[in-house]
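Shared between the two complexes below is subunit A, which pairs with subunit B and subunit C, respectively.
This part shows the complex of A and B:
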């Protein structure tokens, strides 16, 4: 009886065991094993040798890795703010009473359910110079000179990637904002209106502060998603021209298959840190703000 | 108490994971060469690897003999999508003749990467079409040197199947592939052009096409598929080293990364010349405007629709060209790659194709050899060659493999015959192609800058122990 009572008292902890085991098997174990491999010269086939932090030192002397870090950060700096800005804008517009808003929401959200790999190929066929759909239209209306190879120039290729990524995932961001907006009580707006507050004032003093949880989720997921971008780049530019749009995720894969398992694991851990820092900073800042609220 | 237990569990996982990561894999072969992570393994190691592979084969053969009466399953791993159906039909015939052997074919698009995962995970196929020097060095393949089929194979192809470091054959090729310039004979004859043997003639031909047929792209590059640009380096730029040293010595120079012989960054080297010529073609508008983003499919479509006059490819493209436009069969011309400088000669790739190897970890090497012997029956090889539209490497096979048969023979006679390059795993043909993309995108101011960057990347690739 006493054992039963003891078990009942700690039941919630025992119920956490399956989740912790799964977390351990699929996260803690791979992570720690990854740390171990990153300290070796493993090529994935023969016996590895311990080399300390040489892989990590090599990373900072690797021009291609530096280019990829820059590309990844630029992609995130472009994607994450635009996703949140347009996601919020769509949510605010589509939260109002208007005809056909369900259809518009579906249309905005639709790209998010398509595989990013396929999305990349679709946009490739649209943007390809001389053979793409845009090019075809320009040729039909006699504007061949406007047919630019956006994907063949380093700077514009990265911009195209950011825009396609934003176009694909803005619907997902919008849905989270919409859920947040619908959880704000209508009485607050009515009270504010009675007190003489206008639309702009309500937005700043009611909507945005109460949307903080949704903003937090969106910013964090968009930072993580943008910094670990892979599929859309593979299908749209394959990291090219050259390595101009190669992201860290792609670099990791290519190094792995280039018999540099230890090194690619070290880069993966560095990428983990690159992702965790902005997420951690943002969560720290917003927690303080939440307390203030 | 429970908290403590959970903490203990997580800590144990952390420690076990960390130790496992640093530790030696028990599944690894105990006699694997200690430094074979590097592609530039010493010959001593590779000897050890190959010896051990022989031992393995004999022991697994002995272990297997009592069970030879039981039904065995052979795993056949391939990266050649075009032959999957044909091989399946061969498998059906083989199984009918050998009811005790079942063959399972597995195709993977990225076979050269997947095989690595298979070796690492222990899910090793018995027969594979993927053979790489790194794996030869690590003793992953069975020594086939004493098999009877070698007497039927062209000596040049046997040489290309011979491991430079050990002198043994760990792979066997059934076909010969070629690469060179594919051109539209109709356009050439209309404009009075002849096959070019020098770069001056080649660029002159392109300029004539550009001037006289402004709607036709003189030379089409499929830059998005970086391997196609990598082939320009492998065949044209490396072709300089290959023709100067000869097939065997060039292979040794590549595998041993003998910089004294390769001289990639020397002014006037193959890399320097090719880079300079390509920049000239781009400047003169003699290549397609979307050279960086066009695909291999675009390249084939442009050629078969008459929108481009020539492109560089291997004979493997022929089947697709004929599928896209069967009426074009008589209009497809094939010639050697032009010489990059006046003191050089044109080159034609003539190398092994459709290679097979038996893995040293195979538990059924005798059955695997039996299956290869079945594939190597003259009637099967004839069907294979005619299907693939490539000549057979077996002297007792007389296949009518395609409309370019005579032209291919002429190209082989006109150009110095070269082989594929033994590239390091850390710097593949794709990587070389990506550097060519950078060149065409304007990253390098001069061809010499490109040659220096290429040399650095190549050396780093061979030195990859990371």
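This part shows the complex of A and C:
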């Protein structure tokens, strides 16, 4: 009874326990088991043997894996800067006094509500070769020669994926930037104006430096999101042509269907390293850049 | 000069709005097209108003069952996320002891790990706990995946609240535990909105894990039902779009209800952390 009373009085100290239990069982435990599996030749059928780091060595001789790493990184390198640039432009535009800006913000965010899988199907309908809507319009106006197979050429297919991704999630980056803009006190702009600063120099010397926290969140979430891209590629190009737009996460899941579980898990761990390096480098670089109010 | 630049600004805004609405219009166009029409008529996408697609999609893909599955999994997981991560965020923000610091740093580190990379070991875990093709295991899994972000948002926000919020309740005889549920929980509503929108949409739209752990037809969620129109029968655009639109409605409705606090919640939770 005594201990029960003591426990209930101190319950607030243990309130984080359910969260870590849940996370421990469904995330940390599988993650640590994954390290074990990655060191075996597990294939889901016969008993696995310990093979050391052979899977990790194989990775570096795997052309398809190398293509996928390149695709994934190119996708992230294209997506993250564009998302931030357009998100910031949108936020600056919609932060001003304007009739109906609330509705406009909501509409700009709405594409992010659609599942990326369905979004991929929608753009496939628009862009698919010959039977797509763009092809149809070009034929109607007599510009058949402009009818390029966007999804059939590796470079343009990747560009299409980047643009669709940017266009779907620009509302998300915009909202973070809007939140950041609202946290900048109006007096700062007032003072700058009295000191003779124009719009442009206010933007460079007040807005951008004070937006660092928002930029940081956006860059980190964009890096994580675009390096683990999956759904939209499945529905828009299915990794094609060939493996030209296949991302690492798709490769990992396809190998599961092909029963290469040991190797697939090793590639997954390598993917984790690929994601965590740019995030940490970025956080380290920006640490000193933050300005306290 | 001023009116010109204002007009220019509104023109840009109108353009932004239009391109954001493209997917919704395309879905509507496809959903209202007759099943037989494979070719376009004219230059613009004008639908035929063939409303029967919705009825057929409803029957053909058992969309009612899929929506039910999505609703059960999403609402169950979101409720669990809000309860578990808000109390964790409170304890971490207010009572700094070593275990709490360890829990917080662990979650923060894992914020960068995409869930997809643990699929193999997770599959054997789900198999051994008989969680494949069940609602409860999917709820627990989805909630677990959302823990890092939501605990982070809640704890950052609660740190910005003055301690006096709970103190008066403590004087009235509450414990810190009951004071949280009676008082603080109401103050964190902006973060709750942000968490409901961010994690709720992610779970509603989840495909990468649903495709592995919900393989039975009667366990299918909305994204799985939509993708079926491409795999089993070739591309059935009209039914795919009708199904997608029906599945989109609950997501848009929840977003519109909670969006009022969304910016506030993201701002307080994320930017101050």
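Keep in mind that, in the parts below, the second predicted complex is superposed on the first by the 274 of 293 C-alpha atoms of A that agree within 3 Å, B and C clash if a C-alpha of one lies under 4 Å from a C-alpha of the other, contacts with A are read in each partner's own complex, and residues count from 1 in each chain.
We take it that a contact is a pair of C-beta atoms (placed from the backbone, for glycine too) under 8 Å apart; a residue touches a chain by one contact, two chains touch by 3 or more.
It should be emphasised that the depicted structure is a prediction, and the values quoted were computed from it without experimental measurement.
Q: Given the touch rule stated above, what does A:176 touch, subunit B (first), subunit C (second), both, or neither?
A: second
Q: Have a look at where A:34 lands relative to subunit B and subunit C in the superposition and call it first, second, both or neither.
A: both
Q: First (subunit B), second (subunit C), both or neither: which does A:167 touch?
A: second
Q: Just subunit B (first), just subunit C (second), both, or neither: which does A:138 touch?
A: Touch status of A:138: no partner.
Q: If you stack the two complexes on chain A, which partner ends up touching A:13: first (subunit B), second (subunit C), both, or neither?
A: A:13 sits against subunit B and subunit C alike.
Q: Under the stated touch criterion, name the partner, subunit B or subunit C, that contacts more residues in subunit A.
A: With both complexes superposed on chain A, more residues of subunit A are touched by C.
Q: Is A:151 touching the first partner subunit B, the second partner subunit C, both, or neither of them?
A: Touch status of A:151: first partner only.
Q: So in the superposed three-chain picture, is A:228 touching just subunit B, just subunit C, both, or none of them (first/second/both/neither)?
A: Touch partner of A:228: subunit C, not subunit B.
Q: Figure out whether A:80 sits in contact with subunit B (first) or subunit C (second), or with both, or with neither.
A: Touch partners of A:80: none, neither subunit B nor subunit C.
Q: With the two structures laid over each other on chain A, which partner does A:112 touch: subunit B (first), subunit C (second), both, or neither?
A: second
Q: Both subunit B and subunit C touch subunit A; at which residues?
A: On subunit A, the overlap between the subunit B and subunit C contacts is residues 13-14, 16, 20, 28-31, 33-34, 37, 131.
Q: Would you mind writing out the residues of subunit B in touch with subunit A in their complex?
A: Per the touch definition, subunit B meets subunit A at residues 2-3, 6, 9-10, 13-25, 28, 32-34, 36-37, 39, 112-113, 116-117, 119-120, 134-135, 138, 223-224, 226, 288-294, 298, 425-428, 431, 434-435, 437-438, 440-441, 443, 461, 464-466.
Q: If we count contacts the way the header does, which residues on subunit C are in touch with subunit A in the complex?
A: 9, 12-13, 16-17, 19-21, 23-24, 26-27, 30, 38, 40, 42-43, 45, 80, 84-85, 87-88, 90-92, 94-95, 97, 99-100, 103-104, 106-107, 110-125, 140-141, 143-145, 147-148, 151, 175-177, 180, 201, 204-205, 207-208, 212, 222-223, 226-227, 230, 237, 240, 244, 248, 251-252, 255-256, 259, 262-264, 266-267, 270-271
Q: Once bound in the complex, which stretches of subunit A touch subunit C?
A: 8-9, 11-16, 18-20, 22-23, 25-31, 33-34, 37, 90, 93-94, 98, 104, 106-119, 121-122, 125-126, 131, 133, 136-137, 140-141, 167, 171, 175-176, 178-180, 182-183, 213-214, 217, 220, 224, 227-228, 230-231, 234-235, 249, 252-253, 256, 261, 264-265, 268-269, 271-272, 275-276, 279
Q: Which bits of subunit A are touching subunit B when the two form their complex?
A: For subunit A paired with subunit B, touching residues are 10, 13-14, 16-17, 20, 24, 28-50, 54-55, 58, 128-131, 149, 151-154, 238-244, 255, 257-260, 262-263.
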